[in-house]
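Structure in structure tokens, see below.
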Amino acid sequence: MTSVSTPGGARTENGATSRTRRTARLVRGAGAQAVRILLLPVLLVLLWWGYTATGSSYYMPTPGVIAGAFAETWLSDQFFVHALPSIGRLLAGFALAAVAGVIAGVALGLSPRARATAEPVLEFCRAIPPPVLVPLLMLLIGVNLQMKLAVIVAGSVWPILLNTIEGVRAVDPVLVDTCRCYRIRGWRWLTTLVLRSASPQMMAGLRQALSIAIILMVISEMFASSSGLGFRIVLAQRQFAIPEMWSGILLLGLLGFALSVVFGRVERSVLHWYEGARAASRGT
Amino acid sequence: MLDVTGVHKVYSGGDREVEAVRDLTFTLPEGELACLVGPSGCGKTTLLKCIAGLMPPTSGQVTLAQRPVAAPPPDMAVVFQEYGRSLFPWLTVRGNIELPLKKKKLTRQRRESLVAEALDAVGLSSSGPSYPWQLSGGMQQRVALARAIAYEPRVLLMDEPFAAVDAQTRADLEDLIRTLWQRFSMTVLFVTHDIDEAVYLGQRVLVLSSAPTVIQDDIAVDLPEERDQLTTRASSRFTELRTRVYEEIQTAKRGAAATSGK
Amino acid sequence: GDESGGDDLTSITVGAIPIVDVAPLHLAKEQGFFEDHGLKVEIKNTSGGAEAIPGVNSGSFDFAFGNITSLIIAREKGLPLKVVSNGVTSTGKEGADFGGVVVPEDSSISSARDLAGAKIAVNNLENIGDTTVRNSIREDGGDPSNVEFVEMPFPDMPAALEQGELDAAWVVEPFRTTALDDGTEEVASNFVDADPSLSIASYFTREELIDDNPELIESFTAAMHESLSYADSRPEEVRRILTTYTDMDETLIEEIQLPAFPTEGDRDSAQRIGELMVKDGLIDSKPDTDELFL
Amino acid sequence: MNTMTGTSTGPVPTTDRSKSAARPPAGGRRRRLPNESALLGSVGVAGFLAVCEIVPRLGLFPEKYLPPVSRILAELGQRLLLTSFWNAVADTIIAWALGLAIAFFAAVLLGFVIGSVPVLRAFTASTVEFLRPIPSVALIPLAILVYGVDIGSTLLLVVYAAFWQIYIQVLYGVADVDPVAEQTARSYGLGYWSRLRHVVWPSSLPYVFTGLRLGAAVALILTITAQLTIGSPGLGQQIQVAQSSGALTAVYALVIATGALGVLVNIAVRSLERRVLRWHTSVRGEVAS
Amino acid sequence: MLDVTGVHKVYSGGDREVEAVRDLTFTLPEGELACLVGPSGCGKTTLLKCIAGLMPPTSGQVTLAQRPVAAPPPDMAVVFQEYGRSLFPWLTVRGNIELPLKKKKLTRQRRESLVAEALDAVGLSSSGPSYPWQLSGGMQQRVALARAIAYEPRVLLMDEPFAAVDAQTRADLEDLIRTLWQRFSMTVLFVTHDIDEAVYLGQRVLVLSSAPTVIQDDIAVDLPEERDQLTTRASSRFTELRTRVYEEIQTAKRGAAATSGK
């Protein structure tokens, strides 16, 4: 082959100096990160505190009281008895919803006809509130783990499904043509073209679904159960144990935050090309 | 053999219709290298997509080796005009080139050597691990080209594949295409706006008219098979041919100016 | 709800769950007992005590209907609520009360004692249902410590029983009748076991309103008393009014067991419930139930 | 523009639709599309109804707990004649529309501002992630306390739940702007707000629409749930009455009414989307071929 | 006056760093038309983005009329190499051209006439109501150009703006640019791969070397102000200049080939 020689720019390898620089940057980065994460929550807690300390309302205890209740309620074996199984169900439900949502979303996104056929029914199902859905599921599935999972899936699958559909519909036609003419088909076509190019929107759906799954975990435990994080919150609410109720909500929030951190990691590695391309043309 | 018979294409999107191609008929014998020139917007890309089986013509037919083209035929590679968008941003340069090879039953080694050779041929040997969006426009275009040649197609369709590279690289790539074409006896259809390039590369130059698009002229390039950037381009026959093509395009556009006045 | 409205009537809002128990409230409105006492009442549906209590607290409701356990707990937790009128009372007849524990037809459970170790549905955990059912088991000589109570809304219990999801369910009317019609057996009348004249639920308000407007309270209590005795003596009127504010099937309405509607709640029965709650660990010490009543 | 050198590249003759009315294939196909999708949708609904009719009839589940759909529809038909039903529908729609509108505008406004200022986004991320998983139902006592049992509480719950759905979509949408388009706008001196209006907004529209569809359903769900638990008037309350009376058929009938509302909302959003996003790959590809 | 002083740009994405531009210093007096040529991937686009204030240089500085450029300066228009992606798909061709005009305080009539003139100048008068994705590549590129000229900028930066149009249109557009430049005395920086074009258009041709990129040569084009496609290109001075530029680029690439071997 005749060879053309144009090197694409000189590449400087990082030496030891840049490594120390990088560590320094990392340390500074961790500090800044902590400030970024904590600043607003601290302000909000102070605000809450200022508000509740003066006009004490029965339903809004001070942060101190909530923290006390939190320590008492959750920093004990209660966490293992009630919270851990709930988190397990939540993760299982989310995983099922992700799989179901992506598979159905790809199928419906690819076929306008399938979508036109299924959409009214799906929209119908989507509009049914879980409190009326649960009795039906109890009837169809029974009162068991599967029912709880079904509730979580039935609620959190929608953002994944809708976003996947839209992501799949928006695949760049030039890439579609590229795949067609190189006859990239089947599984490879699905994984290298469809899923990848829909992934930014799919990630949006998954992020939505994660917090919805937490909410539905709570709702699923409001029916036919006698344990679980959601159950504890509802029970505390009904028993007017308001600080305990808030401590449960606090735990949900913390759970949501922790999961979103993990999710962020996954997202960054899945979408590194996407972020990279964006950052690249901004020249940073 | 590639047969294009009475191809007519109308785009109908929104509230208006655009007749991109009126009526095109020509035949490209197997192993021929033809260049396609014509005014901007005359329907070259449209024609290419019809030939590639990416788009059905409104009427008329394309056949390749006696089989009507309804979907992209096997062993065909296309370099798209929108080279930037035809690269997968989530794959590295190497990944992009390797992807179409994966479904060919090749050993891993063979695949890797094909990729390396193609990258080397377009002068990007060190860019394999980069992502397309880390490359300049011209480099991206060369990646798209490398993908096509690594695929070792029987039919190669190229839509202005050298538009974004510098003159020197372009000359090298022209020679590369001719070398590959001779070596693998591919059928090549090459769209370009550079008249010199069309004459230098092709065995034949097809000139399209402005819309309503028909074949304005079909010029056989009777230059010697062995071509060389310096001597061929300096030959008087070359000059004659390029003048002929230039005039045809002028006519094509004047015709359009005249009709568009109505 | 505030003092306004034409004809010198005071407008008030009462929150109540749309079930059999609050028939007197609807009768009072329909029969004009409220108007007789200068009240113009708007009845708002709630889904139970948990929503009604904050509603009363916030002033959205002037009065509401809630069960005695919830009220004791709320009071324990420092919510200033007071009962102003009796709501609904057990019939005191074993096997013919408006609530009871039912088991599927082919169940091996034949008495309250056998419920030990069973999976029993109640509408709300740590509330009147499980305390009284535990009591029934104890009274019958069983051990309630390893009974598994699960939460489930009443409407879903008959289906769950039939599907074999549960060993037993504590149901109230009209689901008690539905369940019995399905062939289930009633094995305990938990209200009766707790106290034959158990006042299950009452109408209550916030202390603040009592201090601000004692006449209003008097009027409401008086109207309710009239209506309760009206209802207690005229079951056909109760059955009739049910068709207006519920969606119950008419044949079902004819079948159900109506509760008793005495004008005065039995304060001793509240005391009794308080004891049971302490026993089950719902609250720490025996509540001063007298404080709860006006 | 006489002094400018007019290049004479052939402008492509474009046939007006009016002129080409004689050419049926293209035009006909285009007009048929919405009808075709309506037809397919009806097929889907019919299939769904058939399943719902057959499953109870086969006796897989006791009929009294899962009545066949024909009986449910008959019940619904009876309710359709009652003004109380339509009042409930109106109450539901008002609470839903109000809640959705508030959530939508708040989420879009905040989403665009926060999404396009990286610092703001970095500093709010933790709080957002903390607040999102808090279920609206857990806020019911607080809502009742602050807003009473009227529409205020319902709105609080609806807005709280729907807000996050739209907000997250907007954040992702804002991040999805093509950097070249963004740079083009910057180089022509378009300011922050005009970039937001002319570049960021249109390119994030596909995400916003998905957010709107998600938010609309969640708002409907929360409207019903709030009415069901708090007892403010509307379909939810009717469901609650029916539930506590053990009138299962009525419950299902009302659920179908709710679902039908959801379907109608989706149809509206979809047709809006077809108009607004006609430039987008997802829409134009399907319209053209 | 445009001052580029010691501009150095390193892209650091992921785990590797790419030095796109090593050290560039040059001055462009106000109202000058300079062409920038250089091998593919040498950093022309990078430089242009730094000048446009779209990207901060790693070190060095760009000043325009004595003011350091940190953000895009007012009255500047850029034609991007990725013309396709720089057009807003949700706006029609007319909308695309009109958008930047909206923030200028112009009457509606004036705006419309500017749009119409610009469309006419690039030969797309009938494509106003089309969407960009309904146009061919070359037409899209001309829309991007029309948007820039309708804006009537003081500084015009163009990155291979004629790469996708045919020879005839290209010649017309070259003349268009020169006419506008003379009429409005803009400062123009024009990136191209076509050496003839660079010489024909510019008052000055800057040749960039391969990476590590510096200015290889800065050639004054001493052709008469009034240029003409036929006579100018036929003149012997033109041939001399284009040979000079060609050789410089050859040297630039050979240098690169030599250094890249190490």
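When the chains are written out, they are named A, B, C, D and E in that same order, and each has its own residue count from 1.
Here is the rule we go by: a contact is a pair of C-beta atoms (placed from the backbone, for glycine too) under 8 Å apart; a residue touches a chain by one contact, two chains touch by 3 or more.
To keep track of the chains, here are their UniProt names: B, E = NitT/TauT family transport system ATP-binding protein.
For clarity, every value in this text was computed on a predicted model and none was experimentally measured.
Chemist: Can you list every chain in contact with both subunit A and subunit E?
Modeler: Common neighbours, subunit A/subunit E: B, D.
Chemist: Pick the pair with more C-beta contacts: A-B or C-D?
Modeler: Higher contact count goes to A-B.
Chemist: On a C-alpha centroid basis, what's the spacing between subunit D and subunit E, in Å?
Modeler: So the centre of subunit D lies 45 Å away from the centre of subunit E.
Chemist: Whole-Å distance, subunit A centre to subunit C centre, using C-alpha means?
Modeler: A distance of 41 Å separates the two centres.
Chemist: Can you list the residues of subunit E that touch 2 or more other chains?
Modeler: 11, 13, 16, 18, 39-41, 43, 46, 49, 54, 82, 85, 126, 130-131, 142, 165-166, 168-169, 253, 260
Chemist: For subunit A, give me the residues that contact two or more of the other chains.
Modeler: 5-8, 11, 58-59, 139, 172, 222, 237, 242, 276-277, 280-282
Chemist: Which subunit C residues reach two or more other chains?
Modeler: Counting only residues that touch two or more other chains, subunit C contributes 50, 54, 57, 153, 155, 159.
Chemist: Quick one: in the complex, what on subunit A touches subunit D?
Modeler: Contacts found on subunit A: 36-41, 44, 57-60, 112-113, 116-121, 123-132, 136, 139-140, 158-159, 162-163, 166, 169-173, 200-201, 203-205, 207-208, 210-211, 214-215, 218-219, 222, 230, 233-234, 237, 242, 245, 248-249, 252-257, 259-261, 277-278, 280-282.
Chemist: Would you tell me which residues of subunit A are touching subunit B in their complex?
Modeler: Going through subunit A, the ones touching subunit B are 1-8, 11, 172, 174-175, 177-178, 180-185, 188, 192-193, 196-197, 199, 273-274, 276-277, 280-281.
Chemist: Tell me, which parts of subunit D touch subunit A in their complex?
Modeler: My answer: residues 36-38, 40-45, 47-48, 61, 65-66, 122-127, 129-138, 140-142, 145, 164-165, 168-169, 172-173, 175-176, 179-180, 183, 206-207, 209-210, 213-214, 217, 220-222, 224-225, 228-229, 236, 239, 243, 251, 255, 258-263, 265-267, 270, 280-282, 285-286.
Chemist: Show which residues of subunit E lie in contact with subunit D when the two form their complex.
Modeler: It comes out as residues 49, 52-54, 71-72, 74-78, 80, 82, 85-86, 88-91, 99-100, 102-103, 116-117, 120-127, 130-131, 133, 142, 147, 151, 165-166, 168-169, 172-173, 175-176, 179-180, 183.
Chemist: Touching subunit C in the complex: which residues of subunit D?
Modeler: Within the complex, subunit D touches subunit C at residues 62, 65, 140-141, 144-146, 148-150, 228-232, 237, 240-248, 250-251.
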